[in-house]
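Going in written order, the chains are labelled A, B, C and D, and every chain counts its residues from 1.
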Amino acid sequence: MRHVDKTVTGLTIAFAVLFLADFFMAEWVRFIGLQSLARGAVALGLLVLWRTGLVSFGHALYFGIGAYAAAMLTLIGYHDAFFLVFAGTLASGVLAFLLGFLLRRYRAIFFALLNMAFSMILYGVIVKTEELGSTDGFSLHPPTFLGYAPQGEAVQTTLFIFTLVFTYIVTVGVHLYLKTTLGGMSMAVRENEIRVEYLGYSAEKVIHVKYVFSGLVAGFGGAIMALAIGQVDPDSMANWNVSGEFVFITILSGIGNVGATYIGALVFELIRTYAFEYAPQIWQFILGGSLLAIIMFLPDGIWSLVDRLRKSEG
Amino acid sequence: MNILKMGPGKAGLLATGLAAAVSFAAPANAADEVVMAVPTFLTGAGAPAFGVPARNGAEVIIEAINKGKLPAPYNNSGKGLAGRQIKAVIYDESGGGVKQVAEFRNKVQKQGVDLFVGYISSGTCAAITPVAEELKMLTIFPICGTPRIFEEINKTPKYVFRTMGHATADGVAEALYVKANMPGVKGYTGINQNYAWGQDSWRDFDLAMKQLMPSVPASDKAQWPKIFSGQYGAEISALMLSKEKLVHSSLWGGDLEAFIFQGSARGLFRKKDVLFSVADTSVYRLGKKAPFGSILGARGPYGIFAAGVDTPLNNWFRKVYIDRYSVPPVGGSYQAAQGVLAAKYAYDAAAKANGGKFPNKDQVIAALEGATYQGIAAPVHMNRSNGHQAATKHMIGVLQWDKEAGEPIMTKVTEFGPDCVMPPPGVNGTEWLKGGMKGAKC
Amino acid sequence: MTVVLEVRDLQKTFGAVVAAKDINVTVNEHEIIGIIGANGAGKTTFVNMVTGYLKPTSGHIEFAGRNIMGLPPREITTLGISRSFQVPQVFASESVFDNLLMAYAIAEVSGMGLLSPLYNDERAARVDSHLDRYKIAEYRNATASTLPQGIRKLLDIAMAAVSKPTILMLDEPTSGISVEEKFGLMDIIMEALRQDETTVLFIEHDMEIVERYVSRVLAFYQGQVICDAPTAEALVDPGVREFVIGEEYHRTRTEAANGGGDNHA
Amino acid sequence: MQELIVILVDGLVFSSYLFMVAVGLTVIFGVMKILNVTHGSFYAFGAYMSATLIGAYYKTDWPEFGGFLAIFAAALIVGVFFGIILERGLLRFLYHRDEHIIVLATFAMFLVLEDVLLLIWGTDPYFAFEPMSLLGSVDIVDLTFDVYSLTLIGLAAIVGLGLWLGLTKTKWGKLLLAVIFDREISQAMGINVTVVFTVTFVIGAIMGALGGAYIAPTISVSPGIGVEVIVLAFAVVVIGGMGSIPGAMIGALLVGISRAAAVHKFPEIELFVIYAIMAIVLAVRPEGLFAPAQARKI
């Protein structure tokens, strides 16, 4: 703590390397990278919840709100990425703040499922809204960046840098936050709510804060995803299995380190991409099998590999 | 886990390493091949109704192209696309638009695909269109219903083509058929899946009916079952209790088949006249359980409607297909084959214009724009949306059982010309419908 | 003597079951009070009501001049009444140090202060001195779930005492502790609390402990206080002997009369 | 009046369908506290197996009504086979893990089984309408209903009653209730929780498979049918109170009848009915309508 924070150093190096690599990366790698950053951000929110002992099977709700809020703003003529992502993040945050008053009363599987119920209501609303293309969704124009309007590949290059900068800020922010008293209360609430109450703080308030935070980053991820793909649709953004994928990534990553969520998201994308390419008939089999293997043999996620490595070194 | 001891930041390094590792996997395709990606539903509910028949149709035609065995009018065009063999990359369209966009980029940037012939769902096509244009990738949609592709998403396409009519044509042909054959109809209701295709189908049929038969009211209780629900007991009751005799339905696949089983058991098809816009996907499979006497469409001159078309190409296609897959080709098979033929036509025509040399992408596109080429069962006119959207004739009829042949056949078939059911070039389908279908040549 | 806690006509019913009835208790500053009674007599219900875990059906609880009835535990804790538990409530998978660090942090900061780092050297020093006072420094880095029962009880009480409460209520501090350890444990607790000048109410079954540490006894029977008197008096009260002590206390001890006086501040 | 009766009948049929789809899930959750996503696979495998056996049966010239036996045989085969394989081969290694991890493991298993299903049966749909045709139709308030769908009401009633009686009146059921109430104490009392878990999981799997097997004759047995019932079953179980059999019944009735009313009165909102009920019930009664008693831990 008094020394240099290794995680912050590592994140800074990694993001700097990715920043430079942006100009050399194959397009499809950058695209996978963008998606991994977007999904990783959602997993980061879930990580914070998970440390509090809560799992949500409905965070596609906030992912979807973030994506749709950003996409709908393009329909009325706003194209600036800063504004769209800010608006998407905020919209999700506001919804999480409101629903938080209800959800903070719930724990365990009820928390997980109530989230799912809300996400399915959003799904239903989108499907029912023909103006938004129902299940087809709709596409977005490429974003502009404070007046700069890139064309062609430059859109993705710029978006990648944009995303990198913001995910860096968010991730380092989360890392530092987890070391504050409020951040540390995640552990306290997970371990013993009664004790937290009798130490003089409200466990529900702690949960509410974490919930709003997880909603904010999920909305951020959704908005980024909408810009990266250039398309929103309910099946890819608000359906229950999308929520399942986020939990999948969180498990894959482990909750040991904030940076791990992006690695988890990347590994997830790679498994899916290669399964799709080499085994198009049984890609679900491979995806499910990988998840099972992680659960059985790497119970603390990919990050535990790093821990093991470090132990064997030291 | 000790909250005071966060791990070091190797996360990023690991990520960078992984990214670097995969980015070196460069595409390796032979120079004398054309890599054709063929996305279609291989899993999920879309597979049996559309995806697999489409794959089969594409496979039959690709194999024949590679061997140079296509009958007339393609019998003298040599092997492959302008002499190069097609390397087909068939993959799954499941998972929604976002995932398919990601996969599209992978195929283009990682696997070095030369062109796409595929996509069935309107949602995927809508999602793919902007990306295909951005990546300048020749993409032929053989199926996809939604008119929005070239009416909203990209009004001036350069790289994206669709080789069959869109959903507006279905609604118009159906309404025209009702007007001609059921003049006494007093009202109509519907049962459509509660998703984009179902909503579009009902809207277009409803708009066309309001123009063609303005005095016939639509029910305000059209049914909207959730897609893939499979349970239609209450909906069937509601339909049977409704006063409207005509029922419009764009159900397909498993939902359609379940609806037919449950409806037949309750006499729905005896009591109501049901108009199915895409039921050809299931007629052969249902055999004697099909709802005979119902009105059927196949989104054009495909599947069961093409059964009697006596041309060398069609006869050959049906024979090879049936020999190979033991079932007759349905709409999806025809449409996918028609999409692949567009590539065949365009590459060959472009090579010819290029003095016999293998054409570049722009030459292929130029050859296909505005062209008329021979589909399996009918000519395809690429004369809408700057020559990127096809118009074909459309057919509606009544399904009956042919005792002698022992198979279902279409009777009382009406043919509608391409300019009768498709909005004229440059006109938005919905506005065309609302404006009284001006310029239709029927 | 200053009155710190005044309970009047406290009542709690669960459906048809009366868990507490007509409870009237006045607690003075610096008192050490033992709460005795058979299982199910209403002792823990009483503690639960005062500390806000259970909402009384009716009555009045006045603490430091204000009515605290119906407030949630966290507010009552903030006002100055803490408690420990019969089953220790600790952060089981964390170290003893981290348990106390969190307790200190919650006691020390609020509002935006929550966003200051959990760990700082000054706070760590306070945690370590607290560990010393409760004689658990040797377990500093042990995970709470691995601690022996007695140490876990100490940790539980130490966490409750972090905020230097005006009143600390201990729910059976010696239950589950071997006879040999009991007095040592109580000595540690009472010495630490004496330094903080904390008023203590504790639930106890062991009359030897009661005699030794307590100046006044509240005896519960069927949800009611049947005796509220100085220890020596209470232990010879016929009602208490019949309904509370029963077979628990067979021996007669001549020195019983001046039990808890030694530890009185 | 006619409409009201029709809504009631439609509602009862759909409720019975929901109950059959959900009951296996609630049995497993009630005893093992596992939210079993693989339930969707049991349903799908039950349906495919049923369609296959019915198809094979009607190729013989055995008595027509024997086709019904094929349905139950399919449920038994699928339930016992997958129940044992999954519980012994996978889940028992995860009992000490977090409940969410177990949900994810069953989700993973579901993905795997989706493709296994395709590998075995391919993408072409299977039809097994013979049992449905066999029973014909009947008129109620001048409206024709098919008898097969109506028998679903009877089946749901029998299954519900049977499970309820089995739980409350038999020795085995009482053991189960003990395990439900407190796993550790049951273990300490000498109840073999391992066996109880395996048997429960197999029963739950049979119930899931039976749902699919019995529905098979009314639908097109095709890819993707499993995924549809998962969310449906979750919703019913959550509404009724997770782990409660009467709860599943009430939840199914509530959703089924509301949905039938929506279809007849406001078809536009059909899509929302189930989630709206779920959200409302959870907001008012977080543990569902019939939450089973829990042992207090503190």
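Simple rule for what comes next: contacts are C-beta pairs under 8 Å (C-beta built on N, C-alpha and C of every residue); 3 or more make two chains touch, one makes a residue touch a chain.
The shown structure was predicted, so the numbers you read here are calculated from the model rather than taken from an experiment.
J.: Of the chains present, which has its C-alpha mean closest to the combined C-alpha mean?
T.: Answer for the innermost chain: A.
J.: Across all chain pairs, which one has the most C-beta contacts?
T.: The chain pair with the largest number of C-beta contacts is A-B.
J.: Name the chain whose C-alpha centroid is most distant from the C-alpha centroid of chain A.
T.: C
J.: Cα centroid separation between chain A and chain B, in whole Å?
T.: That gives a centre separation of 35 Å.
J.: Taking each chain's centre as the mean position of its Cα atoms, how many Å separate chain A from chain D?
T.: Each chain's C-alpha centroid was found; their separation is 33 Å.
J.: Report, in whole Å, the distance between the mean C-alpha point of chain A and the mean C-alpha point of chain C.
T.: 45
J.: For chain C, jot down the residues that touch at least 2 other chains.
T.: Counting only residues that touch two or more other chains, chain C contributes 85, 89, 93-94, 98, 118-119.
J.: What are the residues of chain D that contact at least two other chains?
T.: If we look for residues of chain D contacting two or more partner chains, we find 114-115, 118, 268, 271, 298.
J.: Give me the residue numbers in chain B that touch at least two other chains, ranges are fine.
T.: In chain B, the residues touching two or more other chains are 1, 3-4, 42-43, 194.
J.: In their shared complex, at which residues does chain D touch chain A?
T.: Of all residues in chain D, those touching chain A are 35, 90, 93-94, 97, 99-101, 103-105, 107-116, 118-119, 227, 231, 234-235, 238, 242, 268, 271-272, 275-276, 278-279, 282-283, 286-287, 298.
J.: If you look only at chain B, which of its residues touch chain A in the complex?
T.: Residues 1, 3-4, 6-16, 18-20, 22-23, 42-43, 90-92, 95-99, 101-103, 105-106, 108-111, 122-123, 126-127, 129-131, 134, 146, 148, 153, 194-197, 199, 203, 227 of chain B touch chain A in their complex.
J.: Along chain A, where are the residues that touch chain C in the complex?
T.: Within the complex, chain A contacts chain C at residues 1-2, 177, 179-185, 187-188, 191-192, 194-202.
J.: List the residues on chain A that touch chain D in their complex, please.
T.: For chain A paired with chain D, touching residues are 55, 57, 102, 105-106, 108-110, 112-114, 116-118, 120-121, 124-125, 127-128, 194, 240-241, 244, 247-248, 251, 281-285, 287-289, 291-292, 295-296, 299.
J.: Quick one: in the complex, what on chain B touches chain D?
T.: That would be residues 42-45, 47-48, 51-52, 194, 221-226, 228-231, 233-235, 237-238, 240-241, 253-258, 261-262, 265-267, 282, 285-286, 289 of chain B.
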